[in-house]
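Structure first, commentary second.
Should a chain be cited, it is by its letter among A, B, C and D, assigned in written order, with residues numbered from 1 in that chain.
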Amino acid sequence: MPLYIAKRLAIGVGTIWAAFTLTFLLVHSTDNSPGAVRLGMGATPEEVEVENERLGWNRPLLTQYADDLGKMVRFDFGQSLINRGDVRDQLSDRLPVTASISVLATLLAGIVGTALGVVAAVRGRGTAKAVNAFSGFSLSIPSFWLGVVLVYFFAIRLDLLPATGYSRFSEGVGSWLQSLALPVITLAIGGAAVVARMAASGMREALAREYITTLRAIGTPEWRIRYIHALRAASLPVVGALGVQFIVLFGGSVIIENLFALPGIGQAALFGATGNDFPILIGVVVMSTAVVVITNLVLDLLTAVLDPKLRTR
Amino acid sequence: MKQSSRLLRLLAVLLALVLVTAACGDNDDDASPGAGDSVADSGDAAPSGDDSGDSGDAAPSGDAAPSSGGLTLTVALESDYSPATYNPQAYALSQFPFHSLLYDSLFVTTSDGEIVPNIVTEFATNEEATQLTFSLREDLVFDDGSPLDAELVKANLDRRLEEDLRSYSLFGEGQEGEIADVVVNGPYEVTIHWAFEQGIANGHEFLADNVGAIVGPNGAADSTTLETAPEGSGPYRLDLDASTRGATYVLRKWADHWNADAYAYDTIIFNIITDAQARANAVLSGEADLAIKIEPNQINQLESEGALAKIGGTVAAVNVLDKTGERVPAFGFVETRHALSLAIDRQTIVDALRPGARPTVQYFPEQAVGFDPTLNERYAYDPDRARELLASVGLEDGFEVDKVVLGEPTDVELAIQRMWQEELGVTLNFPAVTNTGELFASVNTTAIIINEWGLGLRPAGFVAGPVTSGFMNTQGAESEAISSVLGPALGGNPEALVALNNALVDEGWWIGLYETFTYAGYNPDSIQGVPFGGISGIVVMADVEPVG
Amino acid sequence: MTTTVQSNPPAIEVRDLVVRYGGGRRAMKTPPAVDGVCFDIAPGETLGLVGESGSGKSTIGKALLGLQPPTEGTIWLHGKDVTTASLKERRTLASELRVVFQDPYSSLNPARRIGQTLAESLRLIGIKGDAARARAITTLESVGLPSDSIDRFPSQFSGGQRQRIAIARALVRDPNVLVLDEPVSALDLSTQAQVLNLLADLRDEHKLAYLFIAHDLGVVRFLAHRVVVLYRGQVMESGPVEDVTSRPRHPYSVALTAAAPVPRPAEQIDRRAHREALSVGSASTAPPDPKGCPFASRCPLADGQCHAERPMLRLIGGQRVACHHAEQVGVTWPPPPN
Amino acid sequence: MSSIRQAKHQRIPAFLRSWGGVFGAGWLIIMFLASITARWWRPYDVAEQDLIARLQGPSSEYWLGTDAVGRDLFSRVFTAGALPLQASAVMVLVAFGIGLPLILIAAERGGRVEEAIGRFAETIMSLPSTVILLAAIGAIGNRIYPVMMIFGLLVSAALYRILIGVAKSSRQHLYIDAARVDGMGSIRVNLAHVLPSMARPIAVQAAIVYAIGLLIINGLAFLGFGPGEPQPSWGFMIKDASDNIFNSPWMMVPPGVALSLTVMAANALADALAGPLGIPEYTPPKRRRTISASPAQQSEGTDNLALSVRDLSVVVEGGPTLVSGISFDLRQGEVMGLVGESGCGKTMTARSLLGLLPAGVEVSSGSIIWQGRQIAGLPERDTIKIRGREIAMISQEPMVALDPLFSVKSQLTRPLRRFRGVGRREARRIALELLRQVGIVDAERVLRCYPHQLSGGMAQRVAIALALTGSPKLLIADEPTTALDVTVQAEILSLLRALVAETGMSVLLVSHDLGVVADICDRIAVMYSGQVVEAGTVAEVLEDPYHPYTMALLGANPHVADDAPEPERLAAISGSVPPPGNWPEGCRFADRCQFAASECSVAFEPEPAHVDGMSLCIRTGELRRTGAQWAPEHRGAELAVESEAP
């Protein structure tokens, strides 16, 4: 087991490195000029050149790579080109927002999806069709469309939930949840659909297993068969799917944060992309990847708890 | 083996780092007293809607904002007003609503549109108007105890040649407010010597708002120190821990400020909401008390809720950058520029897209001295004449011109594109860039820009600045008609102002489109209204008052 | 070891075959799937390969066919070293050495007509078009299928019929050696008999050499001339099938033959008593000590020597036996049933 | 040899036979054609403005209304489809172009190569793709095709993870090995066999990924990274609509519906391509219909009769009969063997005793008298009390009969506590005792194990212990040793024998192996095509069979007596067991029988045989008289095609 965790961690570090390298290469693949970005309008080419030199942009690529990599290991991404602030500080300010959204959305998707999937699996053909139709439907509705519509009805027309803004957890759980309600629901619906399908087929598959017959043959009550044995078996693919969903939802938060004016990582990514703020871009990618890696690690451990084959390895 | 254990340690550190940074972000505020409860007491834990304007505090979801008690004002801004540095001198007047709370300014614009002394106790201009002498309050200090005195004002103004300080550009060489020297007369008395021989009659107006804002001694010595934190003596302090750069700024009142009583709110939160609809939503659903600015698409929505305020003085125009025809040869002819102007059906644009705006071809707003109604008649919509003009310079088949956009073009731009295409066969392309850097750089390569300009209280200054010698004229094109009247116009001569207006339009440097309003949204249940600083179009934050 | 007769080499000659799965350090730690196996098959002869699951019998088949590269050892086919034959060499080899697999449902591509499957095999040796079709039909008929089978899909055939098609596929290139990997174990008893009879007929008609892999001693006894008993990748005993099944010399062979039940109740009562008296232990999942006899942990005759020293194959009577105590087997052990 | 089945191949692909498939494929094709031809038929140019008629709802002039500058939404919505439909297709091509070769290489090479590629894929998969795409746009600019290609790269890793299993299992098809033995090259094997066998999952994933690509492209357009105006994109039209949502909520509808429908079409296509999942529908036991079985009739000779089955029939609901009119008795402490080839109804018969028939299969008539009670057609809540307590079952595959997620201890103690009402500790003690009773020496260790840590024989012992938790009086053993090695089989048979002696329970053993039956059973019932064709004591039936089928089975068995010579050819039975629903009139075995005569084609009653058994053959008496023996085939019979003809 410790070996297993170490292996997962090693893969995680590899992933972060890959994310960093990929972004580094992208940033350096075209004739980008951070000096021009930093100095903004009105700077002469000479000034831009001086600035690029000062930023070390003209050094050999490998030197820059080694240097940046060394800093990245310390989570040091340097200064933003636009607002000159420390990238790590800014992103760590924003991380809780995105983490809140995506964790809550993943949880909601997991709970709602599993419930729907279980119902679909055990309630017979009609319910299964309804759930399948719902999930097909919600998989196809773009979150940015749904978000706008939800805001229009729930925030503007009905005035039930806030349309924008983020309230910190430390300011009270109630307002925190309220401020996240619409974004989280918007994000979670698609995830719930995926999880529902996964859970339904997992349940159905589990219920068709030979050991279910064994359990029946010794008179095990049906609820136990369904909710202890089959559900636990189905929870393995569901937890696996949640890992993927978390990545998807974490990425999806870019659009959602923009839509709901939430000061998260996704918003920074968008600003970074529109502003050519390369340090922010690299920081966002590395930090997001780190979050995904850690989440996956947690889910891996959860899988190991659920699956004795992994635990006893 | 050794290597792998090192790897493991590295992993552990990485993991810990991420967890800590994640945790910190959320827990920072635990340090601040949980007195936020008092707000919740006076208000409600209930969702938005039912704030009956009782205590006039911010909307419910805003009221949970970190505060040490008292009133909170939440403002939604359309962009980060302090994106690169906290130095007010690096920004234009339109960003001043934010900086006005952190810095004391020598003079300020009031909600009557007048410029009055702020930390200046008295001021005087000599007879030739070549010198301005003023005295400062003597009780002004910064957080570290250092005083705001004459030496510091001089230190601030002496940085006028620095590239980054855009506001100070008007003090620069050859500019309308060029300063020859700043002399310290006493600990709290300063005299400014203007460089213009004819002097500047209302020189104190140059030292107002963002231009007159005084940064502390460290920032004055090295402006890069302002990149991470503000250093001002103003009525509020920025709560860096509670703020997220580019997203949320939390300002807390500084009780020891000399004018603290004039400010109604204990906490002011600025939320950056770039999405126009989201900004309007924020006001409507109560997360913001005030939204600066509101886009035309959202006007109806806010108006119907009685949540809209507006102020005139904004002019929209096609600004011709390529006056020499270097970039697009067609623009070398003044006829082309006039033809483009004549082919725009401004009334239709205004009716359809900018209801409430006024069509105009000229530079000066209607309320400003220098406005000339005859200009609008001379350049009224006349596509036939436009075609003739183009034909007269051999361009009857039209030409192509680019207008660089960030993201997608506006509805007005699309309308102009259509009109030029249909009337003149001129193709307007919108090459898109993904970042502001490229957008700004495009002034060096493209022929036109299209924009709405809030010209402020001294429109002539804008001509002297960007229009003739700034980013709108990177080619350095000369116009005798303009330069000959610019000096007197800057001095406030009414005839010269009219002449300047005519020259800009006749030269085809300025193709006016319409004069419109600056809009702001507000929550009428929580604040009394939006105090605009006259046609400068900015909101005077000091005058924002809670209901009741 | 031995020199083969120059003029008439064995159809198959396998020497010191070792096969390990996977690569790297971890693979070296786990015991090999096949561990030092030697055997010959003469032309026209059927060699049975028996053992429990995990004994390495299918791996030997794969190694012969080139599906699993041997780690050590040599394989000769008609005197040619084919241990590491390249793909191109295989193509000609494949005419001589063919295979029939266990699962008739998986061994035919369901998306292809029978004719296509047979023709594909022929195209690789340059027979195409009508010639290929004619040859396919002849072959199908020779395994007892109607000629119109050629245009049908595998899903239209029963398990026994599919196994006939698989045999036809093997025969279509006119081989002289067939690897039969449990060809009847997935079939019902009645179909099994049909296929076994067919295989026997084909062998007699074409003088084919078979490597017949099976776990059922009864089936092996029917078809094979000689038999090799494998346990955990090693040869325990080999020899003429009658000798090994009726007078096994290795304790494992004894256990194996005793465990197979016969459908004659009276006889089975005796066999059962005999079997229960053997007191052969259960197989454990733990890997055996590589130094000693792999069967030692289950063997009632095992002593210190068995755990410490791996027994070599010795010729005893008509069989080769890898057991330190082979002389006792059949004499003082097993004890008579009580 | 039975006839070859008729062709089932149809011209219309399966996925087009569902509504989803028709809608999916249809809509995508229509949308694609419409969008690339839009310039020739759309009523307005995409840039054509009508500032007077801005923000309008649908009208005869503007079918889907207009946007903020009065452009026709209908024209724009249909034109907007072209870019995402094409760019997403490019993305899918890139994803598969990178992913498939990696998948095929990894599946072929396995081992370290697979591990390395797998690590790589896992790494790529953990990257937050949307953020990476934004970074890419920030770095290389708003270029849709290159950006979507980068996305394709990221997606290829997900494809790898999803499809590697498919590729590996399709490589396990023996026809791949057969092709390799033929001397087929690696590339040809992959192209000719591996890829085609993966066609369906590949198509499904392509459709799903395509849908995701559509959403991503339009999501980016929503954020402002779309094609430049006036070129329309659904994403930006939605953004535009959201800016005007108060003035014209309608504007949200056309682009939203167009995008959603297109994504839905791709997803529906994926669902249709995937087809039914092949997982049996779960039917809660309660819903199963119960039959109105004939009332319990006291059968004669009730001395120690444990089970009496009379005229039992099992049918597929609305389908063929699987078991028809079966009768047999089982005494306390007796072991009864139910033998026959597969498809003869042995398992269905056994399972009907526990009411554990698969969904859609039910007992249609007959009675099952257990300990004097009628249990056929009992409602679920009553049968559940019988299961485990009175009748228990062990099944064929011990490795899958235990829940892999629960420890042996948990699986044993749970029913022990329920059946015997004991506490945790006591249950553990009994569990240990049970494990020792089934011959497990290190019971303490096994108790802590999970099923995957057990060998097959060990798992079967645990399964037997599990069946014993309720101290049943009847154990149904469905092919309990088929999956086991022959030495392990011997051990399990000895164990069962010992248990019967110890506990006095009865066993109903289902097997196809006459040897196993000879080893353990007291009585035997030979089944063929859903009927019992011969029954009696094991000694009588196997030593001196009456029914030709029993004779044939014995003749086909190659296990001769130790010193007897092996026959040159075995006694074969031509043809194969007819499937349910295809049974001939009269004697169902007649088609394959060496002794079939004209009288065999009419219905007849079973003949009494042996001491208290029966034989379902109208010629029983005649065959006994003539001493008929099922003849082995003559040498070379198999090679004579002519003999195949019935």
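To be clear about the criterion, a contact is a pair of C-beta atoms (placed from the backbone, for glycine too) under 8 Å apart; a residue touches a chain by one contact, two chains touch by 3 or more.
This one's a predicted model, so the numbers in the text were calculated from it and none came from an experiment.
Ranking A-B and A-D by contacting C-beta pairs places A-D first.
Measuring from the average of all protein CA coordinates, the nearest chain centre is that of A. Work out the mean CA point of chain A and of chain D, and you get 34 Å between them. Chain C has its Cα centroid 88 Å from the Cα centroid of chain B.
For the pair chain B and chain D, the distance between mean C-alpha positions equals 68 Å. Across the assembly, chain B contributes 277, 406-407, 434-435 as residues in contact with two or more other chains. Among the residues of chain C, none is in touch with two or more other chains. Contact of a single residue of chain D with at least two other chains is seen at positions 137-138, 141, 224-225, 242, 245-246, 453. Pairs of chains meeting the touch criterion: A-B, A-D, B-D, C-D. By the touch rule above, chain A contacts chain D in their complex via residues 11-12, 14-15, 18-19, 22-23, 26-27, 29-30, 32, 121-122, 124-125, 128, 136-137, 139-145, 148-149, 152, 156, 201, 203-205, 207-211, 213-222, 229, 232-233, 244, 247, 250-252, 254-255, 258-259, 265-266, 269-270, 272-278, 281-282, 284-285, 288-289, 291-293, 296, 306-309, 312. Partner chain A is touched in their complex by these residues of chain B: 4, 7-8, 10-11, 14-15, 17-19, 21-22, 24-30, 36, 40, 45, 47-49, 60-62, 64-66, 76, 80, 82-85, 163, 224, 227-228, 243-248, 271-275, 277-279, 281-282, 284-288, 406-407, 434-438, 440-441, 443, 470-471. Interface residues of chain B, counted against chain D in their complex, comprise 276-277, 280, 295, 297-298, 300-301, 348-349, 351-353, 405-409, 411, 414-415, 417-418, 421, 430-432, 434-435.
Partner chain B is touched in their complex by these residues of chain D: 47-49, 51-52, 54, 68-71, 137-138, 141-142, 224-226, 228-230, 236, 240, 242-247. Listed in rising order, the residues of chain D touching chain C in the complex are 1-2, 4-9, 111-112, 172-175, 177-186, 192-193, 196-197, 341-342, 453-455, 457-458, 485-491, 493-494, 512-519, 538-539, 542-543, 552-563, 566-574, 576-577, 592, 633, 635-639, 641, 644.
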